[in-house]
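Take a look at the structure set out below.
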Amino acid sequence: MLLDVENVTKIFGAAEERIEVLRGVSLSLDAGETLALTGESGSGKSTLLHLIGGLDHPDSGSIRLDGTEVTTLDDAGRARLRRDQVGVVFQQFNLIPSLRVADNISFQARLAGRSDPDWNATLAGRLGLSSQLSKYPEQLSGGQQQRVAIGRTLAAKPPLILADEPTGNLDEATADAVLEAMLTLVRETRSALLIVTHSGHVAARMDRQIHLAKGRIAS
Amino acid sequence: MMRAGLQALLSHWTRNPLQLFTLLAGLALATALWSGVQAINAEARASYDAAAQTLGEARYAQLRGADGGPIPQQTYIDLRRAGWLVSPVLEGRAQIGAVDLRIAGIDPLTAPPGVGTIALTNGEIGDFLTGAGQLFATPDTIARIGETPDLTFLPTDGIAPDLAITDIGIAQSLLNAEGEITRLVVTSAQPLGRPPLEQIAPDLVLMAPQTDTDMAQLTDSFHLNLTAFGLLSFAVGIFIVNGAIGLAFEQRRQMFRTLRATGLPLRNLIGLLAAELILFALVAGTIGMALGYLIAAALLPDVAATLRGLYGADIAGTLTFRGGWFVSGLVIALGGTALASIGAMSKLARLPILAAGQGRAWAMVSSARLRIQAIVSVALLLAAAGIAAFGSGLIAGFSLLGALLIGGALALPVILDLLLSAGERLAKGVTAQWFWADTRQQLPGLSLALMALLLAMAANVGVSTMVSSFRLTFIGFLDQRLASEIYVSTETAEGGRLLEEFATEHADAVLPILSAETDLAGLPGTVFGARDHATYRDNWTFLSSISNPWEAIHAGTGILLNEQTARKRELSVGDPLTIGEATFPIAGIYGDYGNPTGQAILSEATFRGLFPEAEATRFGLRTSDPDALQEALIQDFGLDAGAIIDQAGIKAISLDVFERTFAVTTALNILTLAVAGFAILMSLLTLAGMRLPQLAPVWAQGLTRRALGRYELIRALLLAALTTLVAIPLGIVLAWALLAVVNVEAFGWKLPMYLFPLLYLRLTLLACLAAALAALWPARKLARTPAAHLLKVFSNER
Amino acid sequence: MNVKALAVAICLAAPATGQGFAGLGTEVDGFSVPQPNPAFDFPADHGAHPDYRIEWWYITANLDGADGVEYGLQWTLFRSALAPEDGTGWDTPQLWMGHAAITTPTDHFVAERLGRGGVGQAGVIADPFDAWIDDWSLSGPDFDTLRMTATGEGFAYNVDLTATGPLVFQGDRGFSVKSSEGQASYYYSQPFFEVEGTLTLPEGDVAVTGSAWLDREWSSQPLGENQTGWDWFSLSFDTGEKLMGFLLHEGEDTSYTSATWIEPDGTSTPYPNGAFAAEPLEITDVGGRDVPTRWQVALPDRGVDVTVSAMNPQAWMATSVPYWEGPVHIEGSHTGRGYLEMTGYE
């Protein structure tokens, strides 16, 4: 088992203002498996994704990724986890604006020490970015930017890819194309994919779906 | 409508208090530095003027005893009764209370206007005149004197410190000088038909008003330096204000659009913005004036000590509040704000009503903009070179400074961009590559602050170089001019002959200082006759000369000329110079700092041949035992101690002076760097919010927040260090402009420039320290940003 | 009477009480006060009286130049005491002020000198008579034979005065009352001087002849507190008769007048308040001030009803305490020349 989440809770705020975003969520994911996490706005699905990716830490519960207990890692440990084990694609602002497209694609892989120029070139070609490599992110369209983000995520071939509404800011046609490219490449790299989406259409493309409601798994 | 508009505009500041603070603080600091320096200048000038006025030397001719001694009171009466309108002054020092007080006794009934300018009201004059013992002094002096049972001290302004003005009768008794007068002030308007001086008082000599003294020249030079410093500091401040105004403008674009769309005419909008800025300028200007006052008050004792020591000019060590100074400071604040807001205002005027509401407060370095900046900068630097080569006059000098400063400042982002691109290309690791690229991306946001740092650094380098060069030159000059251990003067030529005889036996060498007034290439000047002695050969240095100038002089085949005259008449080594009937080729040109008039040197023999009537009354004496020689001169020869000048004493005073000058310069250095550091801090804080979207992806991909904070700090240090790389050459060019262009235009002599690498290293470290301190807080803040803040960047959803 | 002289002198010393003209209307402290029925002692009384606050030697002259031009001349030495003491040294409380002027129909030259008593810069010795300040002097073997010199920026003069008549005592035998409250001074004149000498002007030297009038006066408080200025006339008629008359301003519209009629032989008749009258006829702008420069002057008891006109209306004395002083022409019932002095027109 690649990922094992057990009884995770997360509370934001304190005292009167406190919001229990996750109230004991458990799930697991095998290597290469794809899973859609759906739910209403505020159901806690993005928070869960952040916790799994080592971007934030839970108030209780356990998250094991490839045998490592994520919840007990310190800041540096979580940074290492993000670098080596996980690739994340967000809804927006995925890219480093000061770096060119080519450097954005290879950035995380190089951080992780796993950069492979040939694979990077392949990725760029597959994502239709070959002619954009020397541009800066702000010179690209939204769909292109998300493709770069996907390319960057896959460049290091991480065991787990986390995607948080990766096509949420795109129009339908672009979104489909981007999703298609991502799914194809994820399967090729045999990475597992956990995707947060509110789109049933997207969710249907995954191996499994989990629905979150009010911080709990509903189905 | 207008009110609502103003309210809307001002609401921006309540939502962005930090920006408001930046704007006000930048302007206040700029005004403070400028006005502080101006206040020091004004105070010092007012003090000399007061000193010159109270004693009347600057405005009126004087009669003094030919022997330098006191004038009998009867001579004064004789002169008055012969129709000479003269007024007696008795000067001396007496220990009164806790102060070694300089006492000036005057006669208010005969004193011409401006002598003894003390405010006497009708009721007081009787007490002043008739022995009740009234003395006028500054409140500060009176406070230091303390209790004096027999004397009444009355406070007055506008006179020199440690000086008391009193009636001549009281002065005579305080100084134990009954019937004595030090000098007589000659009123400018004299009646018809008065007999010549020789007939009435053959023992007196008439001396012209000392309007153009060496002291005035040197102090002017010092003040010019301070003024240049003030100007540079102000430029630093204006960069900060410009940045703050520009940012506020960008952030309020949307508001401008809305206001205009709802019917506020453009003219009114500009009017409102102008009103807002005037309000800020007045507030910040007032704060700045208060700060400037504090700066001046803190530095003034050092400045006072500097000038007192260097030029013997007494200036008060305390600051008087001057209304004119305050108003001029506010005008400067308003002018500076106007200057800083020109760009934003003109942009607003051209803004189409439905322009994009959200400006790009953040943008990649636009290569087009950089190119324009580079072109303007190069044009300005070329203009500066042109002015340096062909310009003349003080205006040209200051234009040169301005062109250099602005050109240098505009060049900075271009140069930094090039350096950072190179760094990015050369970077090996991915983090390093990102670091260089990211740093380069910060340039537009930081460039104003960095320009401020550049100007501050350049100003510091420039002024420090200038002051240090001044010091080296001046000390070298003193060594050259005061090579003899002891200098003595006699009142008469007869005394001179006797002294020379006496000294020849007691001193190792006697160097008579023979001089005559003459015409030098059409300018009034003085020629000296120098005895053939190693003292001259060993100590004198020349700005330019033939290989053995002294040999030519003593062979009678050459003349030495001072720099001022050579410059004014465009003479150089080898050119002929006519003295009286004889013509000599110029064998050497020497620096003659602080002397406004022409000067030339011949050998003693040649000189005596040309001026047979000239006799020496001043002598330089070489000796290995100055104390014994002084003693012998006083005890055995009967020379007055006041007629002996001890060279070591003069040098000690000069050195002390320069230390104090350094104290002032160092204080100003630290202040300007602090202002620049503040600019960096404000820029970083302003950028911090906008930086999250740039940093969040890096963090998400595996860098810790701590690492990000560390890079933030390193980035500031790197930028500061790179900026100093540009600043040091710019500062050196500035120093050169001050020393070799402005100084020559203002005073006629060029100061040689020396370089001080250790000084620059220290300044670089200080600049980096300022930048590091400025970046510390933002970096710490970044290192501790909650993950939630970073995550918010990626999604609107939690 | 030249009360103004007092004013000018005392302005150096007196506190600015804001009363009267130049502090003249102030209290007397420690100083002697003139008493009626004076017994003068000459030549001693020609000298200084340091125990009185103020004193002057005041000469005005109407002269004719060899160049055909008419000239006016003034020489005045004022003494002002800060305290009723004399002595030597800088702390002597006697201050001196000299005023000298030459008036021509087109120009007016003025000089002022200030000096300390006690050090020799200024003073008066009664016998042989010598009054001086700086290089100015009025001196001679006796009071009837004097040489008068003064210099200023752009002018100088050196003239000899010879008395052709006796001293004339003003008021009641030299006790001259100055207000209805009884303030008074000792006051006598020598109006019979003949003058001969040389004026030095920017254009060169001019030989002059003519007549001069000398006033001697000393007191300690000659003006009433409400008196703010005066107009003083010394008129020499072609008949050989002379009239001295003055008008002291008391508030807005009231005045105190006094006059002395002098026969050609020196016989004098004093006139009390009200006998003498003077009314301005013409006002001239003198450097921004309104100064009457033509007067209707009357002493009905002697049939005098004349117009007195300034020879040079711009004869302003721009001295420490400024006033108007200059030669006048007389027309009407009598003709002649004289001098007019006006104070309080600042």
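By letter and in written order, the chains are A, B and C; residue numbering begins at 1 in each of them.
Here is the rule we go by: contacts are C-beta pairs under 8 Å (C-beta built on N, C-alpha and C of every residue); 3 or more make two chains touch, one makes a residue touch a chain.
As the structure is a prediction and not an experimental result, all values here were calculated from the model.
> Taking each chain's centre as the mean of its C-alpha atoms, which one ends up farthest from the centre of chain A?
Taking each chain's C-alpha mean as its centre, the farthest from chain A is C.
> Can you identify the chain nearest the overall CA centroid, using each chain's own CA centroid?
B
> I'd like to verify one number: the distance from the centre of chain A to the centre of chain C, where each centre is the average of its C-alpha atoms, in whole angstrom.
Averaging C-alpha atoms per chain gives centres 114 Å apart.
> Any idea how many Å lie between the Cα centroids of chain A and chain B?
Each chain's C-alpha centroid was found; their separation is 63 Å.
> Whole-Å distance, chain B centre to chain C centre, using C-alpha means?
59
> Considering only the defined contacts, which chain C positions touch chain B in the complex?
Touch residues, chain C against chain B: 11-16, 23, 82-83, 89-93, 95, 111, 114-116, 119-121, 132, 134-135, 151-156, 200.
> Which stretch or stretches of chain B touch chain C in the complex?
73-74, 77, 80-83, 85, 107, 109-110, 121-123, 125-126, 129-131, 167-170, 172, 189-194
> Going by the contact rule at the top, pick out the chain B residues touching chain A in the complex.
364, 429-431, 433-434, 437-438, 440-441, 693-694, 696-707, 787-788, 790-791, 793-798
> Could you please specify the touching residues of chain A with respect to chain B in the complex?
Chain A residues touching chain B: 12, 21, 41-42, 44, 46-47, 50, 53, 55-56, 75-76, 79-80, 82-84, 88, 90-99, 103, 106-108, 110-112, 115, 136, 138, 152, 164-165, 168.
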